[in-house]
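The two complexes that follow have chain A in common; it is paired with chain B in the first and with chain C in the second.
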Partner chain A sequence: MTSQLFVNILLSALSLGVIYFLLSSGFALVFSLLRVSNFSHGSLIMWGAYLGVYLVKALSNFTLGLVVSAVVIGILLALVEFFLFRRLYGGNPLFELLLTFGLIYILDEAVKLIWGAAMITVDKPLFLQGTVMIYGEPFAVLRLYIFGLGAFICAALYFLLNKTKLGLIITAGIENKEMVRALGININKVFTFVCWLGGFLAGIAGFVLAFFTGLSPEMGTNQLLNVLVIVVVGGLGSFMGAAIAAIIMGLAEAFLGFYLPELAILSSFIVMFIVLGIKPSGLLGEE
Partner chain B sequence: MFQSIYLRKYCPVCILIIILILLPLFSSEYVKVVAMQIFIFGVFAISYDILLGYTGIASFGHAIFFGTGAYVTALLMLKSGFSFWATLPFVVIGCAVIGLLIGLLTLRFATIYFTIVTLALGQFCYFLLTNALTYQYTGGDDGLHGLPMILQTKNQMYYLAFAFLLVIFFLAKKIVSSPLGTTLVAIRENEFRAKMIGYNVLNYRLIALVISGIMAGLAGSMNAAILRSVFPGFMGAGTTIDVILMTILGGMGSLLGPVIGAALVIICQQYLSSYFEWWLMIFGIIFVLVVLFLPQGLIGIFYRFRGRRNTV
Partner chain C sequence: MNILEMHEVHTFIAGFHILEGVTLTAEHGKLTILLGRNGSGKTTTIKTIMGLTPAGSGEILFQGKAIQKMHDFEIPWLGISLVPEGRDVFSQLTVEENLLIAVRKGKNITKQRLDYIVNIFPPMKDLFKKKGRNLSGGEKQMVAVARALVNDDELLLIDEPTKGLAPIMVESMRLALVEIKKNATIILVEQNFEFASSIADDFLIMEHGKIACGGKIGDLINNEEMQHRYLGV
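Up next, the complex of A and B:
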């Protein structure tokens, strides 16, 4: 294998990893604080894609459309938290899981009603078309843009969680909710905010995903399994673990796809079984 | 006095059984096929209820057992010329072994882990069935067709499926009211306390998974015998989702509820889907409402109504 080819595969593996990070970050964040495994995350991703593409066309402004659609998806999940999840806190966690499972049907069918069930291809905007030369090999500008976006979001989340007072409350809430409550902080508001943020991240991830898979009602639920596997491998409740696991998944899929194409579709399972076999709580999860 | 209470309690059930026995005499072929599907999926939902309702663990890969049962029966009948009845011991052993493997691999995780890992395992098995390497055995996406008839007429098949449902129902009833069943409920209610009393929680959950897996496998092989073909969809996420819907809508932890749920879901799939394109959305809304307000499922309405009448 030439070093050029190696660099090329490595770069596409990393950009795949960044996409996986974007897809799973919202789920990991919501789970780490609320302990709700939000199965409708895939459907929110799909909604982000449809709404984002629609708004970019309607507002004829790329960044504005992306941000507005992500904010709206965030509000959607915040409303779900406020009106539905809140009724079930303290009970059997199974019911929260089943609730989000039922939401999949509502969200997926709503998209079919509005935009139809047929697949829609998405054109890249002009400034994301074309390639640049990296190390003597062509590399799509779109993937570079995704690198930038992933790095920006990772940095922003790191800043939010580690350098602000709100982040301090969230981190404390992940450790011990009762203590945060006892200190006189209304943690329910923080729950709603974190759900908004999770929805926001799902919206952005969906929009990015649309450039690769096109728009279809199944695009989100198809990714749900990847998201769940990444979060389990990273360790449920560990946000940084999910980021590392996403990069590992990207690497595994791209390199297995090159050497053993028949097994590429199973790459995420292989990684999962290896990691969970060695450490059942995931990479950075605690017992 | 005592007799009349008994009579009143079991009267609706007896009437229902008599109606179902007489059904094939005056119904069309199509209704019979739908009814047989309801019986099969009723058994499948009962097996899921033992896991979800009584043991309190949510598997999202239960179709693994259903698919295993169907494929073991189909392969043995087609490739080795076994009769249907001779394949059943293999189905039981196969499903028990798979249940043990899955249980040992996943039950030590916390419940949410178990859910996600079983979901991944289900997809893994589905890929195993449909990939190019196993195509010559499993027929890939096309499945396997042309299983020999196990009984001469459709009516006999109907009664076989109905008897199958009744036998499994009473067996499951016996299991959940045995000391084993009550221990499972105790573990579901308070795992920590059960552990302190001295029960080996992992072992009991493993037993529940194996029992439930065997029942699901038998339902799968019965389905293969009735449809006379098997499809990889039997092992897919869609089958698991169906059984979850049936169990939750009907009412988990009641055994009868999941059977009612199975009837409801299958009738809706067969009849509603041709009238409404968006019936799944209504289903989703009902599902969410049931989870929020009626955790006992639709059978909970009946119990609540009866409870009120008894107290008044």
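Up next, the complex of A and C:
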């Protein structure tokens, strides 16, 4: 392998890892604080894609369409937390499973009613078309854009979680909700905000995914397995663990795809097998 | 004047009747010690005052105001702080962040308050950048008490601060509580009678989810029969 080719695969791997990070970060964030496995996360991703593409056309503004759609998906999940999740905290996890599966049906059928069940291709805007030369190899502008977007979101989340009082509350709440309440903090409001943020991230992830897979009612649920594997490999409850796992998944898929293409489809499970074999609690999960 | 009163308070946890009609008073400016054998309901009493295990019935008055129906997160804003039994220092946060998260008004601890805390716990000044998970048991206890001091609250509820501590740390904690009680009312849950009797003004003894008896600490110190009967001393 030439060094140019290596760099090209590495950049592709990293941008794939960033896409996985975007897809899984909302799920990981919600799970880490609320301990709710939101299986409807895939459907929120799908809604982010449909709504984002629709709003970009309607508003004739790429960034505004992306942001408004992500904010709306965030509000949707915040409302779900306020009216539905909140009734299940501390209860039987089976109810949570039934609720989030019920949401999948509602969200998926709603998309079919509004936009139809057929697949829709998504055209890249002009400024995301073409390639740029990096280290003598062509690299898609779209992937570079996603790389930048992912890095920006990762940095913003890192700042929020580590450098603000809200971040301290979220970190403390993940560890001990009762003590947070005993300090005079309304943890329920924090739960709602975290769900909004989780939905916002799902909205952005869906929009980005649309450029690769097109729009289809199954596009989100197809990614749910990858999301779950990333969250488990990162360590249940660890947001940063999920971010690292997503990058590792991207690297594994891209490099296995080059050297052993027949195994590429199994790359995420191979990584999971190795990581959990060495550390059963995941990369950054508590023992 | 009573800062806190509980009248016939019943608390249920997971269907179990834990507090079976607790009636007590805590006088303003005093350190009241809550004694009793394991499982008598001391920690549940503290948690019920804080709203963490809400009262099923009865009345809890803080400075004359009924608080038993308030949300748990609203109660600290009245001027009540908790030092829980397990310390519950957040392991992922630094000591400084553990204090910062407890500040209710504004974003930072005032310099004056910080000096007051460091004056009570001198070793704290070297711990600020240390993560909670890297602290020893004694250091965690210091941080847990310091966290309850950042807001200058009227009432401190402190649950077993000497549990698992080395004798030298127990003595440090005793000196700290003597200093803290100059500016706040304290209700202290404690199993260590020698420690408790050296700093308390009043006592309450719990048995089977009720207050069995109470009074001035001197009366308990001089009554060996009562000590033996209720505390096994």
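We take it that the second predicted complex is superposed on the first by the 287 of 287 C-alpha atoms of A that agree within 3 Å, B and C clash if a C-alpha of one lies under 4 Å from a C-alpha of the other, contacts with A are read in each partner's own complex, and residues count from 1 in each chain.
Note that a residue touches a chain if its C-beta (ideal position, glycine included) is under 8 Å from a C-beta of that chain, and two chains touch if they have at least 3 such contacts.
Everything numeric in this text was worked out from a predicted model, so none of it was measured.
*Asks:* Putting chain B and chain C onto chain A via the overlay, clash or fit?
*Replies:* Overlaying the two structures gives chain B and chain C room side by side.
*Asks:* Just chain B (first), just chain C (second), both, or neither: which does A:R181 touch?
*Replies:* In the superposition, A:R181 contacts chain C only.
*Asks:* Answer with first, second, both or neither: which of chain B and chain C does A:V232 touch in the superposed model?
*Replies:* first
*Asks:* Please indicate which partner A:L88 is in contact with in the superposed arrangement: first for chain B, second for chain C, both, or neither.
*Replies:* first
*Asks:* State whether A:G116 touches chain B only (first), chain C only (second), both chains, or neither.
*Replies:* neither
*Asks:* In this superposition, which partner touches a larger number of chain A residues, chain B or chain C?
*Replies:* Touching more residues of chain A than the other partner does is B.
*Asks:* Taking CA centres after the superposition, what's the angle at chain A between the directions to chain B and chain C, given in steps of 10 degrees?
*Replies:* Once the two structures are overlaid, it is 90 degrees.
*Asks:* Based on the superposed arrangement, let me know which partner A:I169 touches: chain B (first), chain C (second), both, or neither?
*Replies:* Only chain C; A:I169 stays clear of chain B.
*Asks:* So after superposition, what is the minimum Cα distance from chain B to chain C, given in Å?
*Replies:* The answer for the closest chain B-chain C C-alpha pair is 12 Å.
*Asks:* Going by the contact rule set out above, which residues of chain B touch chain A in the complex?
*Replies:* Listed in rising order, the residues of chain B that touch chain A are 52, 56, 58, 108-113, 115-117, 119-120, 123-124, 127, 131-133, 244, 248, 277-278, 280-281, 283-285, 287-288, 291-292, 295.
*Asks:* Which residues of chain A touch chain B in the complex?
*Replies:* Touching chain B: residues 37, 84, 87-88, 92-95, 97-99, 101-106, 108-110, 112-113, 225, 228-229, 231-232, 236, 262, 265-266, 268-269, 272, 276, 280 of chain A.
*Asks:* What part of chain C is in contact with chain A in the complex they form?
*Replies:* Those in contact with chain A are residues 50, 52, 71-77, 82, 84, 88, 90-93, 97, 100-102, 104, 107, 147.
*Asks:* Which residues, counting only chain A, touch chain C once they are in their complex?
*Replies:* Interface residues on the chain A side: 165, 168-169, 171-172, 174-176, 178-187.
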